[in-house]
Structure formats: structure tokens, C-alpha cells
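Presented sequentially are two complexes of chain A, the first with chain B as partner and the second with chain C.
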Partner chain A sequence: MADIRLEEVSHSYDGGRTWALKPMTWTWRSARAYALLGPSGCGKSTLLNIVSGLLSPTTGRIWLDDREVTAVPTAGRNIAQVFQFPVLYEEMSVYDNLAFPLRNRRYPRAEVDRRVREVSRMLGLDDHLGRRSRRLDPGRQQIVSLGRGLVRPEVAAVLLDEPLTVIDPAMKWTLRSKLKEIHRDTGHTLIYVTHDQTEALTFADEVVVLKDGEIVQAGEPAELFLAPAHEFVGHFIGSPGMNVLPAEIAGGVVRVGGTAVGRAAGDGGELPPGPVRIGVRPEFVRITAGQDAPDAGDPAGPGLAARITGLDRMGSHHLVHARVDGHALVSKTGPGSRYEPGTAAFLRFDPGRAFLFRDEVRCGSLMPLEGRGGT
Partner chain B sequence: MRTRTRPGRRPAVRAGRIALNTAAAAVLAVMIFPVYWMFATAFKPAAEIQSETPSLWPAHPTLEHFAAAVGADGFWTFWRNSLAVTAAAVLLALAVSLLSAFAVARMRWRGRGPFIVMVFAAQMAPWEALLVPMFIIARDTELLDSLAMLTGVYFMITLPFTIVTLRGFLAAVPAEVEEAALVDGCTRLAAFRRVVFPLLAPGLMATSLFGFITAWNEFAFVNVLIIKDQGKRTLPVWLSSFRDVFGTDWGATMAAATLFALPVLVVFLFLQRRVGAGMIAGAVKG
Partner chain C sequence: MTGRGADGISPADAAVAGGQVTGEVLTGDTLAGAAREAPGEHDASRADTRTKDNRAWFLVLPVVVSVAFTAVIPLMTVVNFSVQDIFSPTDRIFVGLDWFRDVARDPEVRAAFLRTLLFSAQVLLLEIPLGVALAVSMPRRGPWASAALVVVALPLLIPWNVVGTIWQIFARGDIGLGGWAVNTIPGVDFNYTLDSTDAWITVLLMDVWHWTPLVALLAYAGLRSIPDPYFQAAQIDGASGWATFRHIQLPRLRGVLTIAILLRFMDSFMIYTEPFVVTGGGPGNATSFLSILLSKIAVGQFDLGPAGAFSLLYFLIVQIVSYVFFTVLTRTGR
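Moving on to the complex of A and B:
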């Protein structure tokens, strides 16, 4: 077990014209479970292949603790990897498939047998050990591939590249909790690639969001949800994703179409005036129905005048669609709430839950006006 | 589910299948018949061969023609020559093409595109066009009447096809299989040998069979390249000269032809099951 440190690592498949991975410095800390989340083509597999050594990075260096492994081939890195689709040694039995990684590393026969049986019991493959692996159905084949990734007792990390894609949903849940269990028992570093946010959020200690070959945010699931550092994280995580509303900063006050909605608090000092975008999750948008501004004495101001345009009943909650200053906004409300499409309403954002973005990157947050007057 | 809802469908399907099978049987018969005739004639006594009303099978089968063929001057020498040249050419082609196919299918290098085009072009070119150049090369390098030259020529003839076919088979093996083997602790070479190579078996069978048939049956080049030294001839040439040796002893000629066809048949039957699958896989994926 070791920390895996990437130092200015980048990769280009076409000699530098486009970059599948932009220079990144990042450490995968030992024994943690990571989810690597991002849209298709953002460089997730590229990143994993660089860690495992199947690809050499175009620039940068890779360290396992104090040992530089940039030039060390895959076999010398002691990293296990499971691919998106089943990869089997078709000519071998299931048992031999599972034993293959151990035999290559010259584990004693008894140890091989013990490990293979342990993994097969964990993954429910006991009845299939003697079968030719190509005779299994695709789901089982993938479980065998998974088993090969988990069979080695001492690995620096186990890399899982969307390992459950071909597995049916019911089995997926079982396997995912198995994986968590295994992670708890073995303490392997796990890097789990997915583009399913639920999978990422339920599985990982830490979620790393990748976009266009860059890490846009990394943090605990709650952090990504409550405080997205990038508009993309806001959209990608949560359903529906974060609302984005164009606004203007002037004199430290954020206004939407002339209405002051709060104070601009920069993440790194005062924010210069000019356009910004407010990002706020539907969970933190409050609606008050009616023509008149509610509670005119509220120090936070009257709120944003809006028109309700639609209502989705989702069972556990409602999604209320509204238009503000020509922009669409969604609010998540309790299942009992009543809003009529076509009527007027006022919107407010929960304090500390609305953020300001410039060039898609978070630059500050929206704070209550604190009675400085709102018009 | 089919029987209840659409009762009219089954007979139609069956009729179609019968028609197809009949057609296949007819084609088979036309293709097989000359071969069968060769076999049958080889076993017929001379009188039966010459008789006014040809019989479909030998009434009194005899091995005398085989004895005559095998006993003929130099039969075993030619047989050995053929086998040696063919086997050497096929093995050489397999070894070289396996490496080239790997380079073409799996590695990126400058000139890969042009290389593939060249291989295809070489495969397109009619071999007969090379007869004269080859003769001149052999003459100038004093390689006329040499089995090594012949082996080289057969190697050259089979190589493009072998590369192209094996490349198809190799491309059909997902790169992940190799990557997985690397992750599981193999070196690049071991990954190829232990994981990829077994998957290529049908491809290797198909290409070696093709190479074997090509080299074994080849006539034009031997005829041009082996001119003086009779001891360096191969079976096809010997067979063509058979008429002169035996007059028109059709029985012995057919027996010799049967002996000539036998190795191909044996090799084919031996490899047949895997080759069938291989040809299909190669055709679809290659």
C-alpha cells in the first residue's frame, strides 16, 4: 500500500495537438476509496492507464510513495486493474483465470489456492471454478475479471474502470456493497471510475470529478453536493442539477435584473464588479406564492419576482419550474406543496447555499444582505 | 409459439430449406466428382479403365497402379523435396508474418500506412508476372536448381496473404486482453505468448493451410527455376512429366495424382474444424 502521486502528469494521444489529460498534480492517498467521475471522453480511462503503466504519460512523473515508477512497466508496479468489459483468458478455466495473477508472481501453490478460493467465495463463483471461462454469461465473466483484480493480497491500488457496466442492476447493488466490504477488510486503495453519480456518491470516501482532462473538484460526496467548486460539478452531481442564473455585481451587491439578491463574498478577497452567474441547487430555492412580496420587513430583502411555469410531481417531492428575469429555475419542494402554473411567486435562496461563478469556476458565495436595503 | 399462430409457416420454411440443401448437394457433387474419379480410376485395373462403358466404382480394386507410381524413378525424392520446401516456406512465412502482423495491428510507427498498402499491393500482383524476374535473379545469383531458392519464392508468395489474414485475427483480439495480462504480471512477450497466441490458433491454422496448399501445388516456378537438376524437382512437375515416363498409363497417373493430393487432404481434415471457424472469424473481423 502506498500513496500514488502524480506530478504534472499529462497525456496527448496525437503528439500534442489535443490533450486527453492536462497537466495535473494529484495524490491518491493510501487505503482510500476514490470515485473518479466524469462524462464520456473526459480522460478517466487515460488517467487509470497512466497510473497502471499501460500508458506512459506525455509529460510528468509518477511516484509510489518515494519510488519513482514513471518508467516502470505495468508488471513492476503492483497495481490491479479491472476493465469495463469482461477480459478473460478464454482458454483457461475460471480457477486458472483467478490464479493467473498470482502464478505470474510466483506465489506458492498453497497460497494461490487459498486466495483463489477466498475470492471465489466472496464473489459467488464457487460453482463455476472448473468451467471454461468463455462458457459463462457476460455478467459472470465480468465477475471473474473483477475477481482477478481482487485476488492479489498486496497491491498498491485496485483500479476499476466502470466495472459494473455489463452487470444487471440487481446484481450491481450486491457487488457494489461487496466491493465496499472488501475495501474495508483489505484496506486497498480503490479508484473506481464511473459516470453514474449515485454510484460515485454511495461508494467513495472521496469523489474526484474530471472534465476535459482536468480535475475540477475533489472532495467528500457532501462537499461536492453542498459546495460545488465548478459549474460542471453543480450540473453533474445532483438531480436535477444546479440552477444557474446570470447576475451582476455592483458595489458588492449581487443583482438579478435590478433586484438585489445578496452580498457578494469572494472566496479570495473582494470580487470586482461585473457579470457573474449565481449557482443554487433546487433543494435550496424557496418559493412563496403570491403577487406581493412576502414579509417586506425581512432583512434579506423581498426575494426575486418569478412566474411559475410548471410542476412535476415526483412522489417524494415536487419540482417547481419558474422563470426569473427570462431564465428558467427549478425548486425542489415538499410533496404536499401547492403551486399553480401561471401564477406569480417570489424566490429566495437559502443562506450560504448559493454561489457565484465566473468562467464556470466558483469565485465566491452569495451572502444575505443584512438589512442594507434591497432596491 | 410458432405452431399455433402461424400454421402455414413451417412447411414454407421446410420447403425453402430442402431447396437450399438440394442446391448445396448438387454443387458438392459437381465439385467432388472429378476428385472421386481420380480416386476411383487409381484403383481400377487397366482393363476396367479402358472399357467401353465406364463404371462408377472399381469392380476389382487393385493397388498395382500405386505400386507403379511409388516404384517410379525418384518418387520418394520428389515427395521429400515437396514436403521440405512446403514446410520450410510455411513455417518461415508464419514466423515472419506473425511478427509483422503484430507490428501492423498493435504498434504505431512511421510508415505503417504505406507498409500495409505495399503488402496489399504485393498480394494483388499476379505471381506469374514474377516468373521472369525470379528466373533472372536466380540465374544471376547462381540459385537455379536450388531448393533454397524455391523455398524463398514460396515464402514470398504466401507472405502477403498470411500477414493480411493474421493482422485481421490479431485486430479481433481486444487490446484489453493484452493489457489485462500486463496488469496480471506478464511481460509484453509473455502476454503475447500466453494469452494472445492461443486466441490466434484458428488464424494460424487457416493461414498455414493456405500456405501449404499454395506451395504444395505450385507448378510454374518450379518449372522455371529447376531446369537441369532433376533431383531437385517437386511432385507437381514430376506429375506433369508422368505421361512421358509411363506412356499413357492412366491408372498409374491417377494413383500418382492421388498420392499427391493426399497430404493436402490429410492436413485439411486435420485442421478442418478450427479452420472453418477461423475463416468465418477472419472474414467478419479481418
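Moving on to the complex of A and C:
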């Protein structure tokens, strides 16, 4: 059990022309469950392989607590890794598979047996110990691969590289809850790489979003959902992703095509005037149909004028597609709502749930207008 | 054999089989299925459609003809020879299985059979481990991978009789580099034209030199197909180099090694050109393998009857041993 600290770690596969991982300083804290989320090719696996020692970083240093392990080979790091597909010693029995890492490290027989039985009990493999590992179904095979990581005492962290890709959906849930259970029981640090947001959000204490070799945001699932720090996080997490609407700041007021939608509140002080992008999740876009517009006495005005272009019935909710000032927008509404494509409507954003982005990075949030904003 | 395609089914039949299915491509299976679901009046039509599609057999005709000309007819000529005693094209006697009995009891043939078997066994024992070792030590990627491949594959590109000629000269004590070196450096008296052991070693080494690359290439291809995570997992599990080989690489070579063993067995059991060029079967009978003996009987003595019987027995042995190898190799470790 140890904190894993990365210090200015970066990696390039082609001698510095492109960077798979840009210099990052980051600490994986002990006993937490992390999800490393990002699109394919964003450097997730590279980061994982650097932690486990399969790759040595081009620059930077890695620490396990106070011990520097940058130059320590994989076998000396006490890190377990589970791969995308089950990696087994196919001609060995399940028992021998589990015992293999211990036997390689010359543990005494009795100790091997004790630990193998302990892990097999934990993973529910007791009935399969004597079977040849390749005859198991893929789900069980993946559990055995995981077990090979857990069997070693003093494992600093278990790294999982998209471990559920080849598992069929029904089995996925079982395995994922098994993983959570193991995390609870053993208290190992887990780093779970995935490109599936549901998997990441349901699994982790903390989600780390990676894009183009950089960590763009890390936080609890709710934080990523409610307060994305980067446009990418908004797009990648949530289904459908965050709406983005070009706007303009002038005199502290944010306008979309001439309509004031709110006050700009900068994260770090006053925002300079100029173009900005509003990001708001479909969940927080409210629609009022054109004919029942709120009365003119409302200080915020009727909202953004929009035209409804389509409606997707998703069962539990509707997705209303609209166009504002030539830009598409989606709103999530209750399953009973009725909006006719082609009609006019007004949109409003829930207070505190719409954010302002510049260069894809969040720079502030959209606050409600006080009093009547300039028409 | 049931027919394929709807053209063998008359519209009336299809109508009987159920209006709904008309227009579908009816295979025998779906028809049978339809009949199973709705027994009774459909049974007659089902039997009817099944007999009508035998024309499809004509589609197999080209294969039958080509196989006949390339395999069956030549083989039958040999069968024809093997059961007759031929004095001249017009003067021949049917002798039944006499030639087979003679050949099987001939001590010279038996000795050659055991010799060939021993040779094949030694070839397999040397070439398979050597080939695998070569493949494992070849670089997996990078510029040296291609260079290693080319160097290893080189002996495979040399024609058999040229290989024979190369070794015939190379192993000579007077002018050959190999033979001369053995004679001078360790001072061992080596002369493959006089000593039967030396001749045997020369032929064996020649085969190992010529064909180990094939095993190496097959094994290399097999090794290359192992995904990286297997090696990474082995690193994480702290496996030694030997353990990685034993538990990851070797199990995954089963398929290619089956092929390698079969190919090397068949080839070495039928080896002819190289020993014929190097030793001509000698000294004495030391390197007179089945194929060399056979050609002596067939071409040298022109005993077509015994040669025919011999050929068929030879063919049968290769078939049986290959079958046994294949069965054993594919069934074990399931």
C-alpha cells in the first residue's frame, strides 16, 4: 500500500517528435479507486504502463511513497496489471495460474497454498481451481487474470487496462461489482482505464480525464458531470454531451446573438470582453414553448429564442433538438413533454449549471441576470 | 446430398411446402425444417425435391477430373504394376499380392526402412529444438528482425541437388573446408566416402543445415503472433526467461510445431536428392534410404512389379505415420 507519485513524467514513442504523454505531476493516493477515462489514443495505456514499469518514461520520476522506482523493473514494483483480454498461462490449471507469481518469487509452499486459497475464495474460484484455465468462460478467465495480481502480498496498486472489453454485458455488471467488493475488502489502490464513461462513473472514487496526453480534469463523478473544467469533459461525460454555444461577453454580460443570457462570473476575477463559448448540459436546458412564454415582467426576459427542429423519444426522457442563432442545442425533458418540431420556443439555463469556456478551458460561469438585461 | 437453390424445386412443390416460403431460397435444411413443423401432406413433396437436385454433382466434376489426372490415374498405374509380373508389354502375368509379400520380407528393404526411420527421428530431434531456439533468439522487431529473417531463410532458397553438391565438396577431407577443418584442427579422421558413420553425419548435418530454417521461420511466425500483454504479464508475475518460454511461448507454438513436425517428417522420410548427390547411398548401404533403394529397384533394375509394391507400401507408411503424428499432436493437451 503506497501512494504512487508521478513527477513531471512524460513519454514519447518517437524520440520527442510527438508526445504520447505530456509532462504531468500527479499522485495516485493509496487505497482509492481511480478511473482513468479518455478516448482511444489519449495516452491512458501509456500512463498505465509507465506506472507498472512496462515502459520507462522519457522524462520524469516515479515514486512509491518515498522510494524512487523510475529505474526499477516491473517485477520489483509490486504492481499488478490486468489487460484488455484475459492473459492466462493456458496449459496450467487455475490453481497453478494463481500460484505462478508467488512461485516465481520463491514463496514457501504452504504460503503459496494459503494465499491462493484466500484469493480464490475472495473471487469465487474455489470450484474451478483444478480446471485448466483455458476452458473457463472469458469472464472467469479475466477473474483469474485479476487473481494473479491480487495473490501477491503487498501489492501497491492494481492497474486494470479496459478489463471488461471482451466480457459480455451481463457479465460486466457482475465483474464490476466484484471489483468494487475487492476494492472494499482489500483496500488496494485501483486504477481502472476505460473509455466508457458509465464504467468510469459507477466504478471510481475519483475520475481522471485524459486528453491528448494531458489530465484535463480529475474529480468525483458528480463534479465532472456538474462542473466540467474543460469542454472535452463536457462532451465526453454525459449522454448526450454538453451543448456548446458561441457567445460574446460585453460589459460583463453574456450575449448570444444579441440576447443577453446572463452575467459572466470569472473563475479568477473579471473576464475580459470578447468571444466565449457557453457550455451547458442538456439536463439543464429548460424549454418553454413559444405560445406560453413567461410574461414580460420576468427580469430575465423570456429567454433565448429558439426553433425546435426535432424530438427523440428515449423512453425515460425526451431529447428535444433546437436551433439557436444557427447553432444546434439539445435539451433533455420529461417523457411526457410535447414539443412540435418547427415551432418556436424559448430556452433558459439552470442557474449555476452553465459555464463559460475559452480555448476549451473553463474560465467562468454564467450567472442569472439581475434586473432586466439589455434588450 | 440435398440440393441447393430453388431452381430444383418446381413451383407446385414450393406451393405444397407452404405458400409463405415461396420465393425464399430453399435449402435442404429449411425444407426439412418446414416439413418437420408441418408433417403429413408435405412428406411426399419433400422426398420429391431431394432426389431432383443430384445434378449439382456435376459441379464437382472438374475437381474429380483434375484429381483423377494428377493423382488417381498415376497411382492406379503403380497399383497395376504392383500386382503383375511384366516381361514385356504384351507378356504379363497377374501375381496378386506376391510382390508386396516379397518387398515386405526383403531384408534390404527392412534395413532401409529402419535406417530411414532412424534418420527421420534424428532429424526431428535436432531440427525442432534447434529451430525453436533459433526463433526465440531472433529479434522480435526492429531493423535486425528483417536481417535475421533473410539470413535464416537463405538455405531454404537453395535447390536440393545444389545443397547436395555444396556438401559433397564442403565435407571432403582434401578440398572441402568443413572436412579439411575437422581433419586438421581437432585431428579427427573424417572421410565420408569411406566411413559409414561419417557419411551418416554428413547427410544428417546437411539436412539440419538445409531445413532447420524452415522450422525456425514457422516458429518465428508463431512467436510473433503472441500478443504483447502475455510478455508483459509474465514480467509482472516475475517470470524468468525460461518460465516465459515454457509457459507462454511454447504452449502457443503447438499449432506451428505440429505443422513443422509433419513437414519435416514427411520430407526427411522421403529424402532422396541430397544423399544421392553426396553419397549415392554409400558407403555400402550406410545412407541407402528407402527412396534411394526404391529408385535403384525401379530405375536401376527396372523391376516394375516390386517397385510398384514398394511405392505403395512407402506411401502407406508416410500416410500412417503422418496421421499418427497429427492425431497425437492435436489431441494432447486439450
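We adopt the following convention: the second predicted complex is superposed on the first by the 359 of 375 C-alpha atoms of A that agree within 3 Å, B and C clash if a C-alpha of one lies under 4 Å from a C-alpha of the other, contacts with A are read in each partner's own complex, and residues count from 1 in each chain.
The working rule: a residue touches a chain if its C-beta (ideal position, glycine included) is under 8 Å from a C-beta of that chain, and two chains touch if they have at least 3 such contacts.
Keep in mind it's a predicted model, so treat the numbers as computed, not measured.
Colleague: Which term applies to chain B and chain C once both are placed on chain A by superposition, clash or fit?
Modeller: Partners clash after overlay.
Colleague: Return first, second, both or neither, reflecting whether A:145 touches chain B, chain C, both chains, or no partner chain.
Modeller: A:145 contacts both chain B and chain C.
Colleague: Check whether A:101 is in contact with chain B, with chain C, with both or with neither, and answer first, second, both or neither.
Modeller: The answer is both, since A:101 touches chain B and chain C.
Colleague: Mind working out whether A:52 is in touch with chain B, chain C, both or neither, as first, second, both or neither?
Modeller: both
Colleague: Given the touch rule stated above, what does A:89 touch, chain B (first), chain C (second), both, or neither?
Modeller: Both partners.
Colleague: Just to be sure I read the superposition right, which of the two partners does A:80 touch: chain B = first, chain C = second, or both, or neither?
Modeller: Both partners.
Colleague: Where on chain A do the contacts with chain B and the contacts with chain C coincide?
Modeller: Shared contact residues on chain A: 49, 52-54, 73-75, 79-81, 83, 85, 87, 89-91, 100-101, 104-105, 145, 148.
Colleague: Across the complex, what residues on chain C touch chain A?
Modeller: 227, 229-230, 232-233, 235-240, 243, 247-248, 251-252, 333
Colleague: Would you mind writing out the residues of chain A in touch with chain C in their complex?
Modeller: 49, 52-54, 73-75, 79-81, 83-85, 87, 89-92, 100-101, 104-105, 145, 148-149
Colleague: In the complex formed with chain B, which residues of chain A make contact?
Modeller: It is residues 49, 52-54, 73-75, 79-81, 83, 85, 87, 89-91, 100-101, 104-105, 145, 148 of chain A that touch chain B.
Colleague: Touching chain A in the complex: which residues of chain B?
Modeller: Interface residues on chain B, with respect to chain A: 174, 176-177, 179-188, 190, 194-195, 198-199.
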